[in-house]
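Below you'll find the structure, written out as structure tokens, and then a few comments.
Chain nomenclature is as follows: A, B, C and D, assigned in order of appearance, with residue numbering initiated at 1 for each chain independently.
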């Protein structure tokens, strides 16, 4: 058994190769368009991994994570564009605001069983869209805010090429994945797993479901807010439609579902597959046909639910188990 | 005196718009009450109804108000088809799967509409769009009055169906105890198909009815999601009568808030109502709702 | 003719509850199945009405294979099942509950006539016809459950512990009413914990223990049996 | 001979049904109390009311001078009153070890120590060789035992066991009884056991409480209760 590629040295070797492949990507990709896509993979992969902490691990489907993303994104552009402050200060601010919103939504809904959490999170989205549109002094209204061009550098998060930004995004993705893996294997992870599999039994096992879900939601909101902040810095622009877009939530859910919600690496895998595919599709489909790409996402969601609810990760784990005799 | 008049006008407007809110939400609560599924695509079905009426109006010159019953029938067929293909397989699946599947359905509908009609704001022209009625010194736009009249008629028809017909009673029986209904020879799958069809029929009909006073575009469903959810949560998930009352309440609150707030912010108080309802439910104040056993009582 | 069960194996998931059970209810028969909780009596009735899928054996009613039918098509053969715990529709009126029982009866006159018969049998239900069934007392709810099943004019009525939760006086009443129904030609398959009552009214009985039939015979034979006492109280 | 749990005037109501009527009794520290009664007598309702899964409408449950009524169930578990459920509730897609480790988290801050503790508990119940098996692959008897192990992992002072022997054969029942008595003897846990298997209950119970129509109709030594006319009537029915 020891010689099988399941043992620790093999695993570490695999992680190192994956890390090297990730960080060397700009070298062999060369075109800045490809690197830009990779930045999106990292940012949305990180955000989807964040969504998965509550949506996948605890099976509490949030349809409002766009809000945390948008809060983070607005924080950066407002700090840089309106207030002239460092984007690095915007990140903690975004986290704090997102966590406050998360607590307010989780507090009543996690005391209830049933559909209330999903309902409440979805209802949150139009509210923030309204606020961002109306509060013109802060957000620039529906026109949005653009960040002025600043001297490039780490302090301004503006660069001449997308490559430096890619490294920042990649570091975020790696950190978030480490967090997700750590949670999976932590006390909280086991509790969330119990809640996901059998809420009734987890109460009998002494699990405080409310607290476990709250912890996961807070972490989740914080992670997504950071990804949003970097997204704002990357675009150097934000308006209500971009920040509080229903598509963002959809993407976070979809990446996680495609990759496999039970796995810490599932959402990132989903992003890696779907984002380039989506970019390719939207380059090919123009005008009204652009909607067809999104339509395909909807079809994909339904097919996944009906036929492969565990995503690619689920398929992979079956193959893995057959090959190695071990569970993933 | 002037202020009093403003308030009265506002409340009256709120009741008109509120009855429409009840109409667009009642199908959502009907589906939940019978099947225990939240249809997250409900807003998109509203949009489908609006586009159906838009198409009938621009292609054949038919008035949305006249065509509405036909749109409702088409909506019923669409809903029944969707139930059979997508909902039926997940009726016993975990809640998360049901959420994702209906969300996926909504995405298909919205983007399907975008592919056909383009991502534009569209509207129809009707001869009565500028007309108003006056009563007791209050003024009402004809389009709102007609829409509200439809809502009242549909509420009455729905109540008659559920309380007076054999089929409606069998549907309520299935909602209250699926297993026992089955033992009596009632086919639950058939009931679910009809319930989902009816829920979709009501909301597509509503889409047709509201078209004369509003704009339609493929992603408008998202705009109505907040109102629909507030209405069904406030009324108690699965309670028809609750949804109707809550629809009126939400309409009045929203309308009154425009006296104080700019009209762009009229959904903010709606959200506050939604949030307060959630807090009250979780605090056990609306404990009736908490049991989620509010199963299609008398409407 | 009647109901014939041969080597029935049934259960939930991977767990087999009934191990090759055979029993018969002839036309016009009154059969009781008695046994302690957990013996598999409820599973037996559920397998007949198709709400639990059998894994082996056969169930045939008047020449029809019941195992080939989905649950909602079993009542079409005029088999009515009064489930354990009544399972009435709490938010429907008594009248509507009863009428739900006549869902398969398409003839309006027959529905009205049967309703009259049920009201004659349970005058209490007539008095309360407009009341929400959920607000009735336990005994009245039991009447609704039985009355609802009778609305089908079944050839075979199956009852799962109709005495459960009833005061002794009401138990006697319930059984007398049931005897009346049987007298009109309906076969009865009764599952009971309340052995005394069951054996008093049934013609024949089976004793079930741990998913097997351990004894059967006429009710008189079984009435005095020490075995039954033992099966319940373990002494 | 002190009471560890005192149930006082506990009542429960569902719709029109009076499921529990002023149920009162004491459980002595270290005893095994059997609960019997016909279907629908209110036995599981009583358990759910004690641990707060379905809180009662009135009454008290005194545990170490503290009223458990109104305390959320996971806190009741933490305080030392655990329960198993009527239909086996385990985490189907989790390993047997982790099933128990979830409960061990109450007293362990790390996964590692929780799993270690869980291993010990599995050994007590004879499940150690199944530690890495996924729970859904177990037999019914093993799953029932697993649920007991998970409940005992909370180190409860009182454990409520709801029909854990349903569907088990005689050999399995005997094994489970032995383990339960061992837990009672060696680990001092007070047991309240709902069981339809009378032979089993007679064998392990120090006293038996009989419920009918949601009310206590008898409480005493097993031999006494099984001869009690009201109990016999409740089971076999009266003329």
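Everything below uses one rule, namely that a contact is a pair of C-beta atoms (placed from the backbone, for glycine too) under 8 Å apart; a residue touches a chain by one contact, two chains touch by 3 or more.
It should be emphasised that the depicted structure is a prediction, and the values quoted were computed from it without experimental measurement.
Traced through touching neighbours, the fewest hops from chain B to chain D number 2.
Of all the chains shown, the one with its CA centroid nearest the global CA centroid is B.
Greatest Cα centroid separation from chain C: this falls to A.
One finds 55 Å separating the Cα centroids of chain A and chain C. Mean C-alpha position of chain A lies 43 Å from that of chain D. Averaged C-alpha coordinates put the centre of chain A at 32 Å from the centre of chain B. Residue positions of chain D touching 2 or more other chains: there are none. Of all residues in chain C, those that touch two or more other chains are 90.
Pairwise, the chains that touch each other are A-B, A-D, B-C, C-D. Note for the complex: chain A touches chain D at residues 185-187, 190-191, 193-194, 197-198, 200-209, 327. Across the complex, chain A is touched by residues 53, 73-75, 77-78, 82-85, 89-94, 98, 101-103, 105-106, 109-111, 114, 134, 150-151, 153-154 of chain D. Across the complex, chain A meets chain B through its residues 55, 59-61, 63, 104, 107-109, 111-116, 118-120, 122-127, 130-131, 133-134, 246, 250, 253, 257, 287-292, 294-295, 297-302, 304-306, 309.
Considering their complex, residues 49, 51, 70-76, 80-81, 83, 87-92, 96-97, 99-101, 103-104, 148, 152 of chain C touch chain B.
Within the complex, the chain B residues that touch chain C are 166, 169-170, 172-173, 176-177, 179-188, 295-298.
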